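Shared chain: chain A. Partners: chain B in the first complex, chain C in the second.
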Partner chain A sequence: MTKKKETIINVSLIVALLVVLYVMEHTIPSTAMIFTVLKKGAIYALVAVSMNLLNGFTGLFSLGQAGFMLLGAYTYGILTIPAEQREFVYMYYDGGIIHFSVPVVVALVAAGIVAAAFAYLIGLPVLRLKSDYLAIATLGFAEIIRAIFQWDKLGPVTNGSNLLKSYPTFKSVLFPFIVSGICIAVIVMLINSTYGRAFKAIRDDEVAAEAMGINLAHHKRIAFVVSSFFAGISGALLAMYQTTIQASMFKSAMTYEILLIVVIGGIGSVTGSCLSSFLFIILSEWLLRFLDSDMYIGDFHVPLLRAGFRKVVFSVIIMIIVLFFRKGIMGTKEFSVRGIYNFFTRKKKAAKGGDSND
Partner chain B sequence: MEWFSKNLPYLLAGVSVGGQYALIAIGYTMVYGILRLINFAHGDIFMVAGLMMVYLSASVPVYIAIPIVLVATVILGFLVERAAYKPLRQAPRMSIMISAIGVSYLLQNLALYITGGLSQQYPPIPWISDVVNVFGASTKRVTVITPFLTIILVIVLVALIKYTKIGMAMRAASKDFETSQLMGIKINSVISMTFIIGSFLAAVGSLLFFTNYTGVTPTVGAMPGLKAFVAAVFGGIGSIPGAVIGAFIIGICENIIKGMGWTTFSDAFTFALLIVILIFKPTGLFGEKATDKV
Partner chain C sequence: MTNVLKVENVTMQFGGVVAVDNMNLEVNKGEIVSLIGPNGAGKTTAFNVITGVYAPTNGAVYFNGTKIIENHPQGKMKKLYKGENNGKYSSVLAPTPDKITKMGIARTFQNIRLFKSQTVFENILIAKHLRRTSNLFTATFHLNGKEEAEMRKQTEDLLRILGLEDVKDEMATSLPYGKQRRLEIARAMATEPTLLLLDEPAAGMNPQETEELTAFIGRIRDEFGMTIFMIEHHMDLVMEISDRIYVLDFGKPIAAGTPEEVQNNPRVIEAYLGGAVDE
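== the complex of A and B ==
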């Protein structure tokens, strides 16, 4: 299969996906569960890939994702609330101190930039730390950010611990798909560039990578800043999806969820992260819903089923994956047209005596 | 002097909270010393101990409930280690840490399921819940006992580690995991013992902690857990006296910050302290210097 052919197939698949989504939107009522799943799945896919860039490809065990999402969400909300609504949203702070609003796209980019800027600053000291110390320091940073955004004195900007709302949101399911798609494409390009190869070298062996002339501090900082940039954008998307922002939403439990998505998908696989985030959302929001309500089979009252049971089952599944299927769905492999093509033509090649690659 | 009498309630609360953090921090520091694992589930074991007390005291008297809680928490800690950490002993360190996060997620969701998400009223424990007067500041007796109880337990623990056979095995395992195995130390029983001691102290800590705070929610363990971890890092991870001193410093600072009316920043302070410590003295106050081997 030639490279050109592969590109054509990939592009046509993406276009087909978008067309299917568009058609679905015009045929299925917009309250259907499938749209919730698709919207949230697309957003989580972006943040999972951004976390995978750090944890899977660069080997930096960072747990600050929720903090960067919070920065993105707040930046977006603060910048886009329409001027006439501000009086109402910032009712406890005399309408706040910002009296303008910017277009959605500008605000999305700004959300990423703010998160990236904070990542740069926090990265200066923190990235010198190794593995678990880095994890705790970034987790701590996320907690600090959360505390600061709820601070009363910053109320005129952040609205303190009150909700931010009335900012523009998206209705179409295409919007999160397109934004996440573009961002993930950029991350993939980064991973396939010389930078990406340097990241992988750092992950596999820091000392050896340094000996090969890779500037550790520089590359780690790039990975951290880029990952946070996209976490910021996904935070903004999440804010749009949920229509309100509150700092208490972005707890460390959120980071853990994203980390578990990355693990289920396979640490070091972009497509794995995308797949598993949709799977995660489908299971947790949709398919396992029945576990949360009472159920009768005939006259038999099924025991254990009540509010909260879904999450218990869910965490047991996660533990099983973590313990017994440590590679996740994809391991470090990627799902690609070429992979499928090779899978089907492998037999022929083997018969010819040529070796098959994945 | 005026400052002292004004801030005395905060100081007392700080010393008390510090003692409770210390009891949790020991669990972190011992496990990290041997397995090089941040046991993220430790804070949740502390929470489960609180919940068990709530449910047990509803059916049996307190003096029976307390020993049952202690034993059950120890069993829980032991089981968590056997089920979630032992199978991953040869795996990369990241996997075992993710497994710890998974256990924490599981315990929190289990607690959420059992409690229905409502805050559970912690039962008053006779004698230690009584109100007493200290230098004119009225407080629960638990505030006064905590530091003394903590120090007694720590002395017992240090003696255990210094003078018993299992303590010697622990020290050997934390020095060099593989060599100690070659020397005939049963590494699995040493690790189990570490988890048993850690869980026991966490259970004692939860008795003291919740007597002061009264409400048990599924996520209540996360914050004290993280703070205790910071305390362990502050004191030099792997060092028990270090963890205790770190915990007291954090507890006192946090409550003084609350006293100054900066409640929002009391949590942030702990983590800021962590980042500062990690940058300027990554080995903590009493930690041993680690060298990188290629």
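== the complex of A and C ==
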């Protein structure tokens, strides 16, 4: 299969997907659960891939993702609330101190840039740490950021612990798909570039990578900043999806959810992260919802089912995965048109010339 | 003759332990020089100082006549320092290993350190990263197609010259031991060095593999005009291909010279056989 052919197939698949989504939107009522899954799944796919860039491809075990999403979400909200709405949103802070708003696309990019800028500053001291210590430090950062954003003194900007709302959101499921798609494509291109190879080298063996002339500090910082940039954008998307922002949304539990997605999908697999984020959202928002409510079969009260039980089930799932399926769905493999093509042609070849060795 | 590498009065002290004690040595262009000595003599530590893993406690290192590393006892080491030439050096020059590699000193490791999840080809391709001219932006958006193609071509060429072409798509760790060693050397070569440091390249090899390696190292020197400085325990290998040998014992160089001179040096025999010379 030629490269050109592959590109054509890939592009037509993407177009087909978008068309299917478009048609679905015009035939299925918009309150259907499937749209929740698709929207949230696309957003989580982006943040999972950005976390995978760091954890899976560069080998930096960071747990700051929720913090960077919070930065992105707030940046987006603060910059896009229409000027005439600010009076109501910032009602406890005399309308806040910002009195302009920018277009959605600009705000999305700004969300990424703010997250990236913070990542750069945090990275200076934190990236000297290794493995678990890095995880602890980034987790701490995320918690501190959350606390700071709820601080009353910053109210004129962040609205304190009150909601940010009334900013522009999306209705169509196509929006998160396109934005996430573009961002994931950029991450994939980065991974396939010479920098991506350097990241993988650092993951495999830091000492050897450094001996190969790879500047560890520089490359780790790039991975950290780029990952945070896209986490920021996904935070902004999440804000659009939720229609309101509150700092308490971005708890460390959110980071763990994303970590769970990355681990289920396979650490070091982009397509794995995408697949598992949809899978995770389907399970948690849809199929396993029943775990959280009391259930009666006739007169029989099913034991254990009550609010919060879903979390227990997820904890058990993550334990099972860590113990028995450490590689996740995809391991480090990728799902691609070429891969499928090779898979089938190899089978054919094997069937054709099974035992002749010529 | 011009010396490629010059180690001048280098002392490496960890707390109270002196691992390398006032070491002086020179490696000239096109030579194969070996560093030998009993276990714990400080050979690998010397390599780690030259490649920037450790900053020496005192002393300097020159590469092609330029000073690349210099340090003097500082902080609490001021009191603890037991070596010589204290006070001779005053400035601090401590580049990280990647900078040293960029200058043209490449190394291999005592325990093989290949990139495990990657193929032979990718292992070598990574070494081309440091000679890039593209930046993050051009590399991400694949605007450096020409350079990328050039990197791949150079990698292919190197694989062919070093006889690893037939295994290029195999995982690095699936190779037999001897080939892994060879791949590690090839990867170091891919950084386009002028000086190659090999840390026990024949460790764990059987006699036949050692013989192949000997020929391989000789070829690298001849075909690439490489200068080679290596640590080795296999005396057959050392005696066969070394132009000169330095012997290290308890961090101190105790002898230097051609293989014949070193073999007959009573101090060397003493160091290796433990003072049984006079009996």
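One rule holds for everything that comes next: the second predicted complex is superposed on the first by the 339 of 358 C-alpha atoms of A that agree within 3 Å, B and C clash if a C-alpha of one lies under 4 Å from a C-alpha of the other, contacts with A are read in each partner's own complex, and residues count from 1 in each chain.
In the analysis below, contacts are C-beta pairs under 8 Å (C-beta built on N, C-alpha and C of every residue); 3 or more make two chains touch, one makes a residue touch a chain.
Treat the numbers as computed from the prediction; the structure is a model and nothing was measured.
Visitor: Is A:V207 touching the first partner chain B, the second partner chain C, both, or neither of them?
Guide: both
Visitor: Examine A:L139 and indicate which partner it touches, taking first as chain B and second as chain C; both and neither are also allowed.
Guide: first
Visitor: If you tally the residues of chain A touched by each partner, is the higher count for chain B or for chain C?
Guide: B
Visitor: In the superposed arrangement, which partner chain does A:L323 touch: chain B (first), chain C (second), both, or neither?
Guide: first
Visitor: Figure out whether A:A253 sits in contact with chain B (first) or chain C (second), or with both, or with neither.
Guide: A:A253 sits against chain B, while chain C stays out of touch.
Visitor: Examine A:T332 and indicate which partner it touches, taking first as chain B and second as chain C; both and neither are also allowed.
Guide: second
Visitor: Could you tell me if A:R197 is touching chain B, chain C, both of them or neither one (first, second, both, neither)?
Guide: Once the two structures are laid over each other on A, A:R197 reaches chain C alone.
Visitor: Please indicate which partner A:F61 is in contact with in the superposed arrangement: first for chain B, second for chain C, both, or neither.
Guide: Only chain B is touched by A:F61; chain C is not.
Visitor: Quick check on the output: what are the common chain A residues between the chain B footprint and the chain C footprint?
Guide: Common interface on chain A, chain B vs chain C: 207.
Visitor: Write out the stretch or stretches of chain A touching chain B in their complex.
Guide: Those in contact with chain B are residues 55, 61, 125-126, 128-129, 131-133, 135-137, 139-141, 143-144, 147-148, 150-152, 207, 251-253, 256-257, 259-260, 263, 267, 306-309, 311-312, 314-316, 318-319, 322-323, 326.
Visitor: Enumerate the contact residues on chain B facing chain A in the complex.
Guide: 36-38, 83-84, 87-88, 91, 93-95, 97-99, 101-106, 108-110, 112-113, 116-117, 219, 222, 226, 229-230, 233, 264-265, 267-268, 270-272, 274-275, 278-279, 282, 292, 294
Visitor: Enumerate the contact residues on chain A facing chain C in the complex.
Guide: Residues of chain A touching chain C: 186, 189-190, 193-195, 197-198, 200-201, 203-205, 207-216, 222, 268, 332.
Visitor: Would you tell me which residues of chain C are touching chain A in their complex?
Guide: It comes out as residues 51, 96-99, 101-102, 106-107, 109, 113-118, 122, 125-130, 132, 134, 136, 139-142, 144, 148, 151, 187-188, 191.
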